[in-house]
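So that you can tell them apart, the chains are marked A, B, C and D in the order they are listed, and the count of residues begins at 1 in each.
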């Protein structure tokens, strides 16, 4: 009789099926869904790229067009949220979006292209204009100029000036 | 009268062809509801069938003619049965000895598919069909015994004469009907006796190598087979009367199938040896019942 | 064997043990780890015999490490767990890079067979006296003398797969679909794609009619090179995510074991609150895993209604996990030193957990007694797939599988970690050793876990969530153990520089449990094979970077892919 | 595809996945999501299938069986690459022992002269059962695609001006007296 009791218990509970594709489901507050880069906030520093375990976030500098590309491939993302933690500008965050199916692999990419900044001394591109601008704005007046140099030049310039000071 | 019977037969066959998958759809809905699911539309089995029939059969690598033809032979066998079994209309292309032909065609339809599947050489298919054959051989023996009992009780081998067997209310007939109910259930290959396909064990068992259209016909045959068996059971119970068949028959057909589904939902799968034991026991019971009928009860 | 006065006395504690082991080599004790290096020549097998068969310890696993960049040698560590003394004994063998050969311990401890072969595959250290020195894990078309876990091998080297394709074209005719049958038996392949397994694994069953004569397991389909990626590309905190992806069912227990191993190595004290949260999530994972197993078991028994009920109940657990961690399955909460900030369980969440768990328990208890008393469920589980206590010892099975065979074992109780130090863990033990017993053990564990979560939530302290991990010393060894839903899960690490691991070796419980499957299958019905295989709750993806096979002793043959399997 | 509007039978093909996606696929058939109501059925034989739910990063060892199983599915077929591993190789994408998801598999298929079938990508690690259902509906043309490629390229004008401003700032503070030009250096993390 247990056989019947189980079925009766089931009938008492009724249908639990959701209406999903026709009606949206309840999504929990914390759901870690699709990561989205806010291109206005992103400065192209690459912190997220370093933090990303599966290399879903990659970075490429193109000297020809003088652009830095931050490429987010959602198809490889494991939704760990490391990028969100790493981003100093709060530019990348995980949304609650989960319906990411796409017919085309290309649809799974988000590309953010930012202008490269060239060192005023050596002329080499080493980071983005936006990042340097933000760094400069955040620094006290007297340190600003040094921040506009690439690390290598900054080192040699400081060494140069130190040698002046010693003289 | 011959042409009228032919017309009746054809109409009956059409009815069986159409209603088989529909009943399966209803069953799926019921099963889903018993498992707290919403379940597919009751036309779902029809949708599946239409899709399968539209797909090419893709018989790559399984070139045997037997493999290809057996499905259709089985299907045609069932079609012939549905021509002379009274279902929605109480008439059909009856002839002497059709009672024997009924059981012969019914079992051969299955055996053909199983042989065809066996010829594919896939190990799952061979195990699935071996299991299915051993079970259906056992259960068809019981079916034959029941038919012998019926023929004995109504002293005829003509289907139109033996229906309904309830006209002679003897203990032996009543027990026989009860056993027939169980055998119909087993022949439906429902859980716990669904061991030939056994999805989790044999990946579809005897159907494993069939695809597209072939598979569609196998599934269609299975639903028709189920419906025919149930129809036979009902024919033995209700009077051979136009009104009864037009009204009571469909109601009974659906309710029997629904009851069977509900039973099935509550069961797990038995192992082949345990299932065979059950069926053998039924067979012994039937021998007793035939003896009972012979001495006049 | 020589005998002396010291030999007769059993050491009473780890210090005495250390002195005792001086007979064999140079012991060095550091916390829980007793390193034994410079083994005196010819004494290795005596030592292993002593540790494994006489001191009440057991062989756990072996790890091969390419330490040529550090000290110029290959190292092989055999790990023995001595619960009585509270130590892990690490027998440290050194192999010269020019002639990398060490003595095999497999003749003494058969359980080491596969671990040693794995080292032969990956590091290229040969084992003298190994009974079957054949390739184990790497694919058939892998070139000789290329050892992926050597430090000079790049992790992202993609060897061309051309051989494989050629073979495919050759074998694409269906005539070779079936493996040859050995002798008179029919061979039934279970897998690689079999609805019972849901993972690409491959068992071959030799049957006579419906009876199974013998079974053979062939795996390695899920070898993904986890260890190499972790050692090459990822930083300490990134590895916990790849560890989680060792297994999609019990991932969190892997990441916890990994973090514990690094914390052990670096001497980091995890704050109490983080320990509690880890334990709570681990128990949630255990409940979901057991529900999942129950559902699958019922499905394999043909009782789909049971499957649907179990998975419906499990859905609430998944909701709970999603609510707490943001993902149904990959919790992503662990970092070395504690728990990530966002994964804190606040009071409102605690109330939610309690409420939901109570609902689940109530409903679960309504169903389960009725379901397990069903006739066909009983008939097909009672007395089927029996593993006796002695066999269980022989194969050294773990987790619920061992507990169903009457062995009292549970890392949570006997080597407590995380918050299990602060609460009492009840472990159900049954003696029958059949599938039914395994089902009951898991049933009891679901209820025990729900209770445990309640107690953990009541006592959760207010401390920070993670410790400072800015300094992780180099070249430290650590072992992290957790009780996964399937049994003891052991992770071994050696720390490295540049925020990276030097070596990481996870060992999943299915590794040991799989050994017992062929023994359980012999003489059973073919129809019962899926449920018997599933009754150990196999998790092939866990096991497969390191895989175990049991072949009947004496059978020596390299493993091949399906299609060319010969006789015995 | 019109043929599969009302009915779609799927075969689950695991090429070395961690189980997460596989369990979520089963989950899509459990009472809560009940994919059967949408005409989806999980079948045990690839010959019965219309679509393949493909999971895992394709390990070298599983490759032959995977190729065989894919070829056993009759045309027309749809492949749903479920999960991060299948879509892009996941966290193991560059390991020595995997082919890097379905793209790697298609490269092998192409070299064998087989055209890759229609493919739907369902990202997630693992994707929620609802996401899988959404993918299935998308494959059958019953649901719209939500995900779209997004691109942003910073405008040249303001950026160049800002750069010039910064350079001016530098030259204002360090007028003349600069060290000789340093050697060309590569700076910045460059990862593919």
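One rule holds in what follows: contacts are C-beta pairs under 8 Å (C-beta built on N, C-alpha and C of every residue); 3 or more make two chains touch, one makes a residue touch a chain.
Keep in mind it's a predicted model, so treat the numbers as computed, not measured.
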Chain pair, A-D or B-C, that carries the greater number of C-beta contacts: A-D
Rounded Å distance, subunit A centre to subunit D centre (Cα mean): 18
Interchain centroid distance [CA atoms averaged], subunit B/subunit D, Å: 46
Rounded Å distance, subunit A centre to subunit B centre (Cα mean): 62
Subunit C: positions in contact with at least two other chains: 194-195, 241-242, 245, 305-306, 308-309, 312, 327, 330, 374
Multi-chain contact sites of subunit A, meaning residues that touch two or more partners: 3, 6-7, 10, 16-17, 53, 78-79
Residue numbers of subunit D (touch at least two other chains): 31-32, 34, 37-38, 44, 90-91, 94, 125, 128
Graph class of chain-chain contacts, one of line, ring, star, complete, other: complete
Touch list for subunit B against partner subunit A, complex: 33-38, 262, 265-267
Interfacial residue positions of subunit A with respect to subunit D in the complex: 16-18, 20-21, 25, 34, 39, 46, 49-50, 53-56, 58-61, 67-68, 73-79, 97-115, 117-118, 120-122, 124, 126-127, 129-130, 132-133, 136, 144-145, 148-153, 156-157, 159-160, 164
Subunit A residues touching subunit C - in the complex, by the definition given at the top: 2-3, 5-7, 9-10, 16, 28-32, 51, 53, 78-82, 85, 94
Residues of subunit C touching subunit B in the complex: 173-174, 177-178, 186-189, 194-196, 210, 298-306, 308-309, 312, 374, 376-377, 379-380, 525-530
Residues on subunit D engaged by subunit C in the complex (per definition of touch): 11-24, 26-27, 30-32, 42, 44, 46, 56-57, 59-69, 71, 90-92, 94-99, 108, 111-112, 125-126, 128
